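The following pair of complexes shares a single chain, chain A, combined with chain B in the former and chain C in the latter.
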Partner chain A sequence: MNNVLISLTARQLLGRRRTLVIGLLLALPILIAVIYRFSDEAGSGEATGEFALGLVSVMIFTLLLPLVALVFGTASLGAEIEDGTAVFLLTKPIERWRIIAIKIGVASVAAALFVVPTTMATTWIIHESPTADGLMLGLGLGALVASVLYCAAFVALSAVTSRALIFGLIYVFVWETFATRIFDSLRWVSIREYAHGWSDAVISINDKGVFYDPHLGVTTAIVGTMVVLATACAGGTRALTRFEIGE
Partner chain B sequence: MAVNDISFELEPGITGLLGPNGAGKSTLLHMMAGLLEPSAGQVLVNGESSWKNAAMYGHIGLVPEREVTYPFLSAWEYALASARLHQLPQPEVAAQTAIDMVELGDAMHRKMRGYSKGMRQRAKIAAALVHDPDILILDEPFNGTDPRQRLQMNTMLKELGDSGRTIVFSSHILEDVEDLAEDVIVVIGGRLGAAGNFRQIRRLMTSRPHAFTIRSSNNRALAAALVDRPYVTLVSFDSDVMEVQTTDFGAFTESIAPLIRSSGVALQELQPADDSLESVFAYLVAR
Partner chain C sequence: MANLDEAPQSRGVVYDLGYRNYDGPRLGRRYAIRSLYVLSLRNTFGLGRGTLPKVLAFGLALVALLPAIFTVAFGAVAGEGFEFVEHHDYFELIQIVIVLFVAAMASDLVGNDRKNNTLPLYFSRPIERDDYLLAKIAALATALMSLTLLPQLLVFVGNWLGATDGTEWLGDNISDVWRIGASSTLASLQLAVIGLAIAMFTTRRAFALTSVLAALWFSVVFTAFLVTVLGPGWAAVAMLATPGYAMNAATYVIFDAVPARADRMGEMADQVAYADLPGWTWIAALVAQTAVALFFAIRRYRKVTL
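Our next item is the complex of A and B:
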C-alpha cells in the first residue's frame, strides 16, 4: 500500500517540465560559485567561507529552497485535490495519517534531492576545504532540515486550504524575509531559523559575515523542528479526515 | 447544490437517481460516499455513518463524475494501484478481472492520457470494482460513452445488480434510468420529487398536464373549438398567443390538425410550452 502511494506521488511530482525548471533554477548558485572560484575575488580560508555562507544563505535558504519546497509541497497533495485525483486515494480504506505522512515524505525527499546537493556543491566549489570547518556538512544539514520542514508545512497547508501556494508565498517572503527581521521574537516561528540553528551547530567558522545570521541555538531548533513536524502531521491528518469534495 | 429534507433507503438492486443538472444528485452521492458532511441528519452505509469512516471504502466503490484518473498511468496500472490500496491478497488477479468486466483489455496497457472519455470512464469503473464492493455508487456514468459502450455498461450493471449488489447511479436522462433501474429517486432543486418503482413514476410523468402555445389566424375561433374537447382543461390568451393545457398528450396531438382544418383557421405556430425535463420534475415535486 505504502509503495503505491509513494510511487503515485513521486510520478505526479517529478513531471518532466517541473524537474527541468527546478533543475535550471538550482543551477544558478552553482554557476555563481563557479564564476567566483575563477575570479580574482576568490581567496581562501574565512573570506571564502563568508562568501559561501552569504551566497547559500541569501540565494538558497532565502529564495530557492523555499520555492522548491513550495512547489513540491503544494503539488504533492494540493495538486491532487485540485485535479480530482485525490478522490481516488481518499475512497480507499487507508488511514489519513498515512497519506499525509507519505505525501510529506515524498515531497521532502524530492526537494532535498534537488536542494541538498546544490547547497553542498555550491559550498564545495567556493571553498578550498569546505569540510575542514564543517561548512559543507552544516549547510547541507540545514538544507535537509529546511526541505523537510517547508514540505511538511506546505503539504499540511494544501490539505487545509486550496490557496496553499499563496499562503506559502506570504509565509516565506513576508513573514520569514521581512517580519522576522523587524520583530526579532518572530524568529522563534521561522523554519529558516530552525534550519540555521541546525547548521550552526556544525559550522565552526568565526566570522560568518552579515548575510548568515542565525539567532536560535540548536536546542531551540530541534524543538521547533519537532513542533513543525507534529503540527503538520496532525493538522494535515485532521484536514484530510474532514475532506469535502468541491462542486 | 444543497439538499433538504431527503430520506430514502436503498435496497440491493439498481436504483436510479434522476434529476436535472444542478438538482443535487452529486451532492447526495458524495454524502453517501463520505465525501460531504451532512449539516443535518445522517447518511448510513451498512448501518454505519459514511462521514469520516475510511473503513467503509472496503465495501463501497465510487465512480465520480469528475476526472480522477492519473494521465500517466495505464488502465491496468490504475486498477492494480486500486487493488493494492485495498490490500487485496491477489491484486493482479483482481485488477485483470475488473479490466475484463469493463472490456478494456485491448487498451489496458496504453496510458490513460490517450483515452477517450468513455474509455477513462470504464477505467474508473474497473478501479471501483476491483475489490468486488457490495455497494457501487456511480455519478453520471453514461457521460461520454457511445451507444455500444452504453449497452455494454448497462449489461454489466444489470449483472452486478442481479448478483445482489446495491447499485445507485445518477443521470439527468430519463431513458438511461428507464433502461436500467427498477427503482428511482427523483431529485429537483435539492428536494425529493418522487421515489419508488420506475413504472409508477413514469406513469405520473406521462399523465401530467401538458401545455402548448398556439398562434393562428383566428385564435378565438380555434379556442371555441378546443374548449369542447374533454381533454382540454384550460385555454388562455396573451396578446396574439394562446396557451392550451391538456390532460391527454396523445389525444390532443392526434386531434389538433383535423380541428384546425375544420375550424377554417390558418396555423402559424404550435409548440409545447413545458416539455423540458425540469418542468416534468417540477410537476412531480408539486404533487
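Our next item is the complex of A and C:
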C-alpha cells in the first residue's frame, strides 16, 4: 500500500505542465550565472564566491525554492482534498500519520530533485573554485534542508486549510522576507534561517557579501529543523485525523 | 416580442401557471456595470463571503499600512525630522504585499466566475464583454487604492501633524498631494490590469496565483540581478519591460526623487538612475505596459467561451 501511495503521489506531482513551468523558472538563475560568466563584470577568486552567494540566497533561497516547495507541498495533499479524491485515500485502512509522512516525503524529494541541482549548478558556473571553500556543498545542503522543511510545513498547512497556497505565500514573502527585514529577532522563527544555519556550517568563505547573512548557529538550526519537522508531522496528522468527509 | 405580453390572456390556456411579466423599470447597462463593480469590490474584501477572505484582505491591507502607522506614531513622539519611510520609497517597501494582494484577488475575481460557471449569468444581463472586464479592473484598482493611496495619505497627515508649524509645512508640501494621488492611481491601475490579464488565462487558482506572482514579483528580482551584469543600454531595456521597475521608477519621477548616484549594484533607485533615461520614459513605460495588458485582456474576454 505504501508503494502505491508513493508512486501515485509522485505521478500527481510531476505532471507535464507543472514540471515544465518549474523547470523554466529554475533556469533563470542559471541563465544569470551564464551571463555573468561571459560578461566583463566577471571577477575572480573571492568576488565570484560573493556573487554566487548573493544570487543563490536572493534568487533561489528567498524566491524559487520556497515557491517550488509550496507548489509541491500544497499539491501533494491539498490538490487531493480540493479535487475530492482525498476521500478514497482516507477511507482506506492506512494510518493517517503514514499518509502525512508519505505526502511530505514525496513532495520533499520532488522539490529537492529540482532545487538542489539548480543551486549547485548556479554556484559551480559562477564560482571559480566552487569546491575549495565548501560553497557548492554548503549551499546544496542548505537547499536540501530547506526543501524538506518547507514541504513538511506546507503539506501540514494544506491539511489544515483549503487556502494553503496563499497562506504559505504570505508566510514566505511577508513573514520571512518583509517582517524579518524590519525586526531582526523574528529570524528565530524562519525556515530559511534554519537552512542558512546548516549551510553556514560547511561554507568557509571570508567575504560573504551583503545578501547572505545567516543569523543562527548550527545548533539552533538543528533544533529548529527538528521542531519544524515534528510540528508539521504532528499537526498534519492531527488535522487529517479530524478531517471531516462531507458533502 | 411584443405580443408575448398579452399571450397568456388573449389565448386559451390549458394550465395557467401564473407567470407574470416584469413591468418594473429597466435599469440598463450602466446599472448592471455598477452592480458588478460594487459586487466585485465587496468580494475582494471578503464582504458577503466567509471569514477567511476577510482576514486575508484586511490582513494584507493592514500590513501595507504598518510602515505608515509607524511613521505617524514615532513622528508624533520624535517630532519633526523623523522619517521612517518617505513617499517615493513607500511602494518599493511594501511591493511584495501589494503584489500578493493583486495575485490573491485577481485569481479570485475572474477565476471564481469561470470555475462556478457564473459567466453566462452575467452575460445574460445587459452588459458587454468589455463592460465585465472594465468593472473587474475598476474594482481591483479601487481595492488597491487602500494599499497604495491610503498609507501614503497617512504618512502625509502624520508628517503634517508632527510639524512644528503646521500651516508653514502644509504650504511647503501641498504639492505632495497631487504626487501621491497620481502615483498611487497609476500604480493601482497598472497592477490591477496586469494582474487580471494574467489571471484570466487559467481557471486553476493555484496556477493563476503563481503566474501573477511570477510576472509581478519574480521579474523584479530577476531584473535586479540582470542589471548588475548588463551595460546601461540593455539594463534600461530590461528595467523598462519589468512592471515593478516601471511602477517604482515612475513614482520616483513623480516625486522628483531619482538619485544623482547611478549604481547598477545598488538599490532599485540607483539602478533606475543607472539607466539614465528622461523621466517621462518611465511613466510612458508604465502606461504602455498597462495598455498592452488591457489589450490582451479585452481580446481574451471577447473570445472566451461560456
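Following the convention adopted for this analysis, the second predicted complex is superposed on the first by the 246 of 247 C-alpha atoms of A that agree within 3 Å, B and C clash if a C-alpha of one lies under 4 Å from a C-alpha of the other, contacts with A are read in each partner's own complex, and residues count from 1 in each chain.
The criterion applied here is as follows: contacts are C-beta pairs under 8 Å (C-beta built on N, C-alpha and C of every residue); 3 or more make two chains touch, one makes a residue touch a chain.
Being a predicted model, the structure only gives us computed values, none of them experimental.
When both complexes are overlaid on chain A, the residue A:Ala47 reaches neither chain B nor chain C. With both structures placed on the common chain, the touch criterion links A:Asp83 to chain B but leaves chain C unconnected.
When the two structures are aligned on the shared chain, A:Leu113 is found in touch with neither chain B nor chain C. Touch criterion met: A:Phe243 reaches chain B, while chain C stays clear of it.
In the overlay built on the shared chain, the residue A:Ala10 is in contact with neither chain B nor chain C.
In the superposition on the C-alpha atoms of chain A, no part of chain A is touched by chain B in one complex and by chain C in the other.
Residues 1, 3-5, 7-8, 11-12, 83-85, 87-96, 241-245, 247 of chain A are the ones touching chain B in the complex. Contacts from chain A toward chain C in the complex involve residues 21, 25, 28, 32, 35-36, 39, 41, 55, 58-59, 63-64, 67, 71, 74-75, 79, 161, 163, 165-166, 169-170, 173-174, 177-178. Against chain A, in their complex, chain C makes its touches with residues 52, 56, 59-60, 63, 94, 96-97, 100, 103-104, 205-206, 209-210, 213-214, 217-218, 221-222, 224-226, 228-230.
Of all residues in chain B, those touching chain A in their complex are 1, 26, 30, 33-37, 52, 54-58, 60, 62, 64, 66-70, 72-73, 81-82, 84-87, 127.
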